Amino acid sequence: MKRIGIADTTFARFDMARAAIDELKSTGTGFKIERTTVPGIKDLPVAVKKLIEERDCDIVMALGMPGAEEIDKICAHEASTGLIQVQLMTNTHVIEVFVHADEAPDDAGLAELTENRTRSHAQNTYNLLFDKDVLRNNAGRGLRQGYENAGPLDAKRGDKH
Amino acid sequence: MKRIGIADTTFARFDMARAAIDELKSTGTGFKIERTTVPGIKDLPVAVKKLIEERDCDIVMALGMPGAEEIDKICAHEASTGLIQVQLMTNTHVIEVFVHADEAPDDAGLAELTENRTRSHAQNTYNLLFDKDVLRNNAGRGLRQGYENAGPLDAKRGDKH
Amino acid sequence: MKRIGIADTTFARFDMARAAIDELKSTGTGFKIERTTVPGIKDLPVAVKKLIEERDCDIVMALGMPGAEEIDKICAHEASTGLIQVQLMTNTHVIEVFVHADEAPDDAGLAELTENRTRSHAQNTYNLLFDKDVLRNNAGRGLRQGYENAGPLDAKRGDKH
Amino acid sequence: MKRIGIADTTFARFDMARAAIDELKSTGTGFKIERTTVPGIKDLPVAVKKLIEERDCDIVMALGMPGAEEIDKICAHEASTGLIQVQLMTNTHVIEVFVHADEAPDDAGLAELTENRTRSHAQNTYNLLFDKDVLRNNAGRGLRQGYENAGPLDAKRGDKH
Amino acid sequence: MKRIGIADTTFARFDMARAAIDELKSTGTGFKIERTTVPGIKDLPVAVKKLIEERDCDIVMALGMPGAEEIDKICAHEASTGLIQVQLMTNTHVIEVFVHADEAPDDAGLAELTENRTRSHAQNTYNLLFDKDVLRNNAGRGLRQGYENAGPLDAKRGDKH
């Protein structure tokens, strides 16, 4: 039985953990969820590290919604840098799912984007843990999470796996 | 008995530690305060690490007020990066409470914002140590510290815990 | 028998791994390929570290195509910083091959640039592992990957090896 | 007998070490000075680490004068990031005293600012080592180094220690 | 017999290693040169670390010529950050000699600047290893590498060593 960690924030304006857990459970079995909630995205790196080291998670989803101001972009950069460090300190994948408040024109659009990106990355998380061939088979195919896929630059070339 | 560290600066223009300690004591019991004061925010990372490693703190509040200039933004970024590193080196949460000098139009507004954000994060600190369910129950609910809460994007969705 | 790791992404719009492997096999022998595919470039650092530490790679190519937006530039910076950290943690070279979506005017140009840069860095990878004299003999000669070589500032001086 | 390290540069246009040592000696006793000089501010982090680990310093002043260009700002950021890392690796305070070439309108003003900031931080250094109550008693009081103190936002609140 | 490492790139448009080695040999004796060449500046950090740890260098010169575009500035920042990390991981000085492609108006000027800066830093390298008093005696004297020295802000003050 594998363990998938879910770390989210009270700052986010969407219950990203609910979407992530729902999607994970729809995708497959063989895992247990470990959850933790922190105030904001800068609290995620240590929360994720504790999920890996103290609660034995095999992979973690780090869920957050940075604000729209310049200072929020810097916070997101600091959090992302920390999340990469955690991965290097633990040799464990952490799937960062950040949705920026200015990525959609209104609340409804932002909610939809957040739900879709979270679900899409929940599938990536499941595949990294249980089915890496799905990722391998999509290498270089211009996949996106939350937006429509960009697709390969040249369909003919892109198909030559 | 848990230990809560409080690290603040002589650069700040508000006695953030007073507000933090007052709020912590109003919120609950079962902890002892360990304090340290340094010149500026770039001195906070090592001060916080020493509180954790040399004075056995279980969590630390890092309190500071970066100035309004571009160089101050860079200092704040460096300090924040260091505070995240400390957390990863010690597997200990550090709640950063930074109030930027340009976040309010005048001194009175800045003082009020600083007091409110510090108190709000003091509650987060207490909850991370003693009552993580409070955070879990507010996951994705758009909480803010010092400003009015943003709330969930979609009240109906947001309530589905 | 040496091992060359290839880490690529599903986000990229070109099958960079195919070009890399094809070029490596055209260039020489004495190595085995170890592949891994992750969602995006921020997942590359830990994927590369795992190739080095868990699958015994002697060198790794990290292949990715950051998007054209400002946020993508920041992601690329975070990934690059992580890739340098991996190298310092493992004393192993990692050849980063990033092609930015705004480096060419259209899809065809981007595909060609990506193919050429990947192949050129595949040769660098091979040479770092098997034939460092090729690099040494080209020190300071203004080589480029994917674009025409810039050449030495002063052909006469530049030739004095 | 404590040891205070002083690391400075040949790039700086002011003998900051002279001011620092003079101020330290005027402020108190019980310490020995260990000096090192490097070319520029990016050489300071390792120089400071060597003062701490190879020459047993209990605290270090890192003195530098970054230039006025954009590239110099980036150098200063890299040096500052390194100085914070040194502190976290050694659990030792390092007081960074950087004066940017564009902080004063002319050479005379820059010299005066540099002298004043260096002396002010020499006192901070002494107090961190020997008299932390001085810092504690000035928490949140808007102290500045080289410029006039900003003071507390609200004198009445600020006095409530 | 000390060992001085020289790491350079095939991306640079000038044979910086030749200038560095020539200047080192003109300056003194008692050292052996260890060379390595990598594709670009982001490959320098690990190359330098390997010179220190696998080829026993006592100090290293890291030679590179970042391009003129914004992306090149970011690459240079990443490389510099990595070079500082190497120094902190090994307690060994690494003299970074970077010449940016936009520091001179034409190829001839860039070549001259590159040669002069490289030679000047070769002397710094030699002095850090064999004659630290030369650096100490020039503390705060506004030395530059490749450009005319800026000199001390106030000649009278500056002379008071």
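Think of it as A, B, C, D and E in the order they're written, each chain with its own count starting at 1.
The working rule: a residue touches a chain if its C-beta (ideal position, glycine included) is under 8 Å from a C-beta of that chain, and two chains touch if they have at least 3 such contacts.
Values in this document were obtained by computation on a predicted structure and should not be read as measured data.
Chains making contact with subunit B as well as with subunit D: none in this assembly.
Common neighbours of subunit C and subunit D, listed by label, are E.
At the interface between subunit D and subunit E, under half of the residue numbers involved are used by both copies, so each side presents largely different positions. Centre-to-centre spacing of subunit A and subunit E amounts to 41 Å, using the average Cα coordinate of each chain. Centre-to-centre spacing of subunit C and subunit E amounts to 25 Å, using the average Cα coordinate of each chain.
Among all residues of subunit D, those that touch two or more other chains are 81, 85. Chain contacts here close into one cycle, and each chain has exactly two touching partners. The cyclic arrangement of chains, taken from subunit A and going next to subunit C, is A, C, E, D, B.
Touching subunit A in their complex are the following residues of subunit C: 8-18, 35-39, 42-43, 45-47, 49-50, 53-54, 71, 74-75, 78-79, 81-82, 85-86, 89, 107-108, 110-111, 114.
Looking at the complex, you find that subunit E touches subunit D at residues 73, 77, 80-81, 83-85, 87-88, 91-96, 100, 121, 124, 128, 132, 135-136, 138-145, 150-154, 157-158, 160-161.
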